[in-house]
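Paired with chain B in one complex and with chain C in the other, chain A is shared by the two complexes that follow.
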Partner chain A sequence: MIVLIMLWFLATSATGMIPEGRFPSPQATIAALSHVQFRGYAGGVLTEHVLNSLRLVLMGFVVAIATGVPLGLLMGWNRTAEALINPIFLIVRPIPPLAWIPLAILWLGLGDAAKIMVIWFAAFVPSVINSYAGVRNIEKPTLEAAAMLGTPRWRFIREVMLPAASPMIFTGLRLSLQASWTTLVAAELVGAFYGLGRVLNVAQQDLYPGMILVGMIAVAILGWATTKALGIFEARALNWNQAAVLAGK
Partner chain B sequence: MPKQIDFTRSILLGFLGLALFIGFWQGLSAGGLVSSLFLPGPLEVLDRFTDLLTRRFAGATLPAHLAASFERFAYGFVLAAVIGVPLGLLMGWFRILDEVVSPIFDGLRFIAPIAWVPFAALWFGTGIGGPILIIFAGAFPPCVINAYRGAKFVDPWLIEAARMLGTPNRRVITEILLPASVPSIISGLRVSAGLGWQSLVGAELIVASTGVGYLMVQGQANVSTTTVMSGMIAIGLVGLALDTALRLAERIILRRRGLET
Partner chain C sequence: MGVIRFDNVGRIFGAKSNPFVALKDIELQVDDKEFVAIVGPSGCGKTTCLRLVAGFDFPSSGSVLVDDQPIRRPGPERAVVFQQFALFPWKTVRQNIDLGLRNQKVAKSERDERTDSILQLMNLATYADHFPHQLSGGMQQRVAIARAYVLDPDVLLMDEPFGALDAQTRVVMQEELVRLARRNPRTVLFITHAVEEAVYLADRVVIMTRAPGCIKEILDVRSIRESENWDSHEKIEDVMDLESFVHLRTHIWRSLREEKAAATA
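For the complex of A and B:
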């Protein structure tokens, strides 16, 4: 890491091998950072942009998992629902989430609603597919044992299906979260009033490499931090599930 | 508990689901509940789609836009595979390289491919280089990661056996490491094709003057919802075709090597 930063310094400011207009030097990046944080850029200071992007990602993500996970579980559990819904899903699925952006802008304009819709589409698909696969991959003996013991439906769902499917559900959530970030950045690049994508977009128009780099780093850090947070939550939730299953036995 | 239902019934239900979906869509627009400017019916979209096959919009017909998109995609994807797969294999094989490259790679991986757009514009303008860079950014990580995993998790017995038999290092790489990691590499290529195609669409929405993404942006600017939807259909179809082709290739290769019956 330190080597990398030194190389960066050498290639840009020390030797001028890469001209400043192409890729910013470390000093220029720090200057851009203080510019956006203390004086504001593209309609707000950095914390405002970050909070706005984070808010949109979380809203879209929560809406997507609140609708996607139950749908996936239902499709995994009930063959009739699966047969009914799967073909629609197969048709909609190959359309990349980013391709919904123009339609979302046509429908909802440049505000928050369009972003949440696009993020919802992006995060919905992985959460449905993985919840579905999670239920579908439960081993048959487990199901048969539960059936033989006459487990009531709601207890079956709570104590067998959810714990068994949760590792896959979390895989889906992680993919959903990544998709949410990519989509948000794209949506904000296409059109927005604030947010990190907006910073990137304005910096691109101003030919301001330092600010572009600041925006990219901010996006990377946020993506990393939210994935990490989900990982911690996952570790807790799965522990709890295992404990509950054992206690129930 | 999941109940089995027979095949014919599931097919019938599938058609029923589709019919409900399309009927609902048609009903919404035909019933005048929403204006057709906002949500055109499926027939209108289909009409526009076939129209775009021959009529020029945003400078070219739909097939020409698709060809432009596909050319960029091919460049970016091939570049990502040619650089990414060997890099991943080498990282899996030489620990030093792994330790040097991994931290850099992990840092870069969290940058959404689409966030490269401003630099792409700065470095290449709206020429072909920009979209290629973004496709590359999307397609590169899965190539590296899967090749790396393939090389890293080769059965150590195989390598030890080769070592014991005095196989030289170079032959261990070409005759054990490479063949053993092929399944993982192939599935990485499939994932990276999907991500690359998606990144391309994003790139074209922002920096391009041809391609399906550009067609959709122009459709949006002209409030032509049918054009936007036709673009979505075209993108979905090509993405589906790509995925199917690579799945088929994956299966053929695995079968030829006796890894799948």
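For the complex of A and C:
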């Protein structure tokens, strides 16, 4: 990390190999950071942009997984549900989530609702697909053992199906979270009053490389931190599985 | 009670245009508390027989009855021990064993009592709070046997239960199963391709042939075991050295080999 920053310093302000207009020097980036944090930029200070983006991502993510995971589980568990939902899903799925942005803005305006909707569309798909696959990939003997033990339906869902599918469900959650960030920034780029995407967009119009980099770094840190938080939650929820992976079994 | 009856059972897989006859004309009765082993080459339908009794699969013709009742679904009165153990890796040893009792709505105090006693019996007491992956294969299969036995089933169905274990573990498990079966007899249907295992464990050995799967021969081991007093020998290798054991084993080997020769001819 330190080496990287040194190289960055060397390539920009120290030698001038990369001109300031193309890529900002560390000093310019720090200046931009203090600019946005203390004087405000693109409609707010950095913490406001960050909190707003984070709030939207989490809201979109929660709505997406709260609908996507149950739907995926239902499709994996019930043949009829699978037969009904899968065809619709196959048609809607190839539409890139970002292609929904114009429609979302048309319907819901530039406010939060439109962005949450777009994030929902983007984050929904990985949750559904992985939950569905998680259930479908449960090994047959596991299902047969549960049946042989006379496990009633709800207990089967809670104590057999959910835990058996949970490693895949968490994979879906991780992908959903990534999709949430990607989509949010893109949605804010197109239209927003404030948020990190808005910062990037205004900085681009202002030809302000330092600020662009600040926006990008902020997104990277937030994406990393939220993924990390999810990972910690996963490790707790799947303690039996983590240990199994470590044991190589 | 736990009497299994195969009544002229046939099982055909695949499309009508290209059927595969897995079982044909199976006639077999396993008496209450009898230990019957089915041996045969892979693809002879022995596992299919077990799955029909378990309720995982259903006959295409004829009927499979337990205590004169046709089988409609899997259930705890016909407990299964799987080759790949099929434990729930997210449950501890105790929780794995407890699940079937909870499903039967057994009171907590009785559940604990029964689980404790089976853990003791299977030498698992110190591992009660371990997860399955923390145990060796032999230990895991012990948990699976305990999970089946604790239900006090009429019928115990064992599908090559020791097939995934190494040779030493396998021998120990065979001795333990004999002890368990003598102490707490059950109707057992035991599937294996290991001839020695079948002769050592079973009261009767059923030899199956392939394509179509049908019963070739049924051997009474119990009368020989009793007349030759096998159970006076504690170790499996001592039993396997007995002339009467060797004789039976060789007989089954020949029978299976003839079958193979006929199949390749």
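Descriptive notes on the structure:
As a convention for this text, the second predicted complex is superposed on the first by the 239 of 249 C-alpha atoms of A that agree within 3 Å, B and C clash if a C-alpha of one lies under 4 Å from a C-alpha of the other, contacts with A are read in each partner's own complex, and residues count from 1 in each chain.
Simple rule for what comes next: contacts are C-beta pairs under 8 Å (C-beta built on N, C-alpha and C of every residue); 3 or more make two chains touch, one makes a residue touch a chain.
From a predicted model like this one, the values you see are computed outputs, not experimental measurements.
Look at A:68: by the touch rule set out above, it reaches neither chain B nor chain C.
In the superposed model, A:220 makes contact with chain B only, not with chain C. In the superposition on chain A, contact is made by A:87 with chain B only, not with chain C. Residue by residue along chain A, chain B and chain C are tallied for touches, and B comes out ahead.
When the two structures are aligned on the shared chain, A:172 is found in touch with neither chain B nor chain C. Of the two partner chains, both chain B and chain C are touched by A:147. By the touch criterion defined above, A:44 reaches neither chain B nor chain C. Shared-chain residue A:159: touches chain C; no touch with chain B. Comparing the two complexes, residues 146-147 of chain A contact chain B in one case and chain C in the other. Touching chain A in their complex are the following residues of chain C: 54-56, 73-76, 78-80, 82, 84, 86-91, 99-100, 102-104, 131, 133-134, 147, 151. Of all the residues in chain A, the ones that touch chain B in their complex are 1, 4, 21-23, 76-80, 82-88, 91, 94-103, 105-107, 135, 143, 146-147, 156, 181-182, 185-186, 189-190, 200-201, 203-204, 207, 209, 212, 215-216, 219-221, 223-224, 227.
Interface residues of chain A facing chain C in the complex, by the touch rule stated above, are 139, 141-142, 144-152, 155, 159-160, 163-164, 166, 238, 240-241, 243-244, 247, 249. By the touch criterion given at the top, residues 1-5, 9-11, 13-18, 20-21, 38, 103-104, 107-108, 110-119, 121-123, 197-199, 201-202, 205-206, 213, 216-217, 219-220, 223, 225, 228-229, 231-233, 235-237, 239-240, 243 of chain B touch chain A in their complex.
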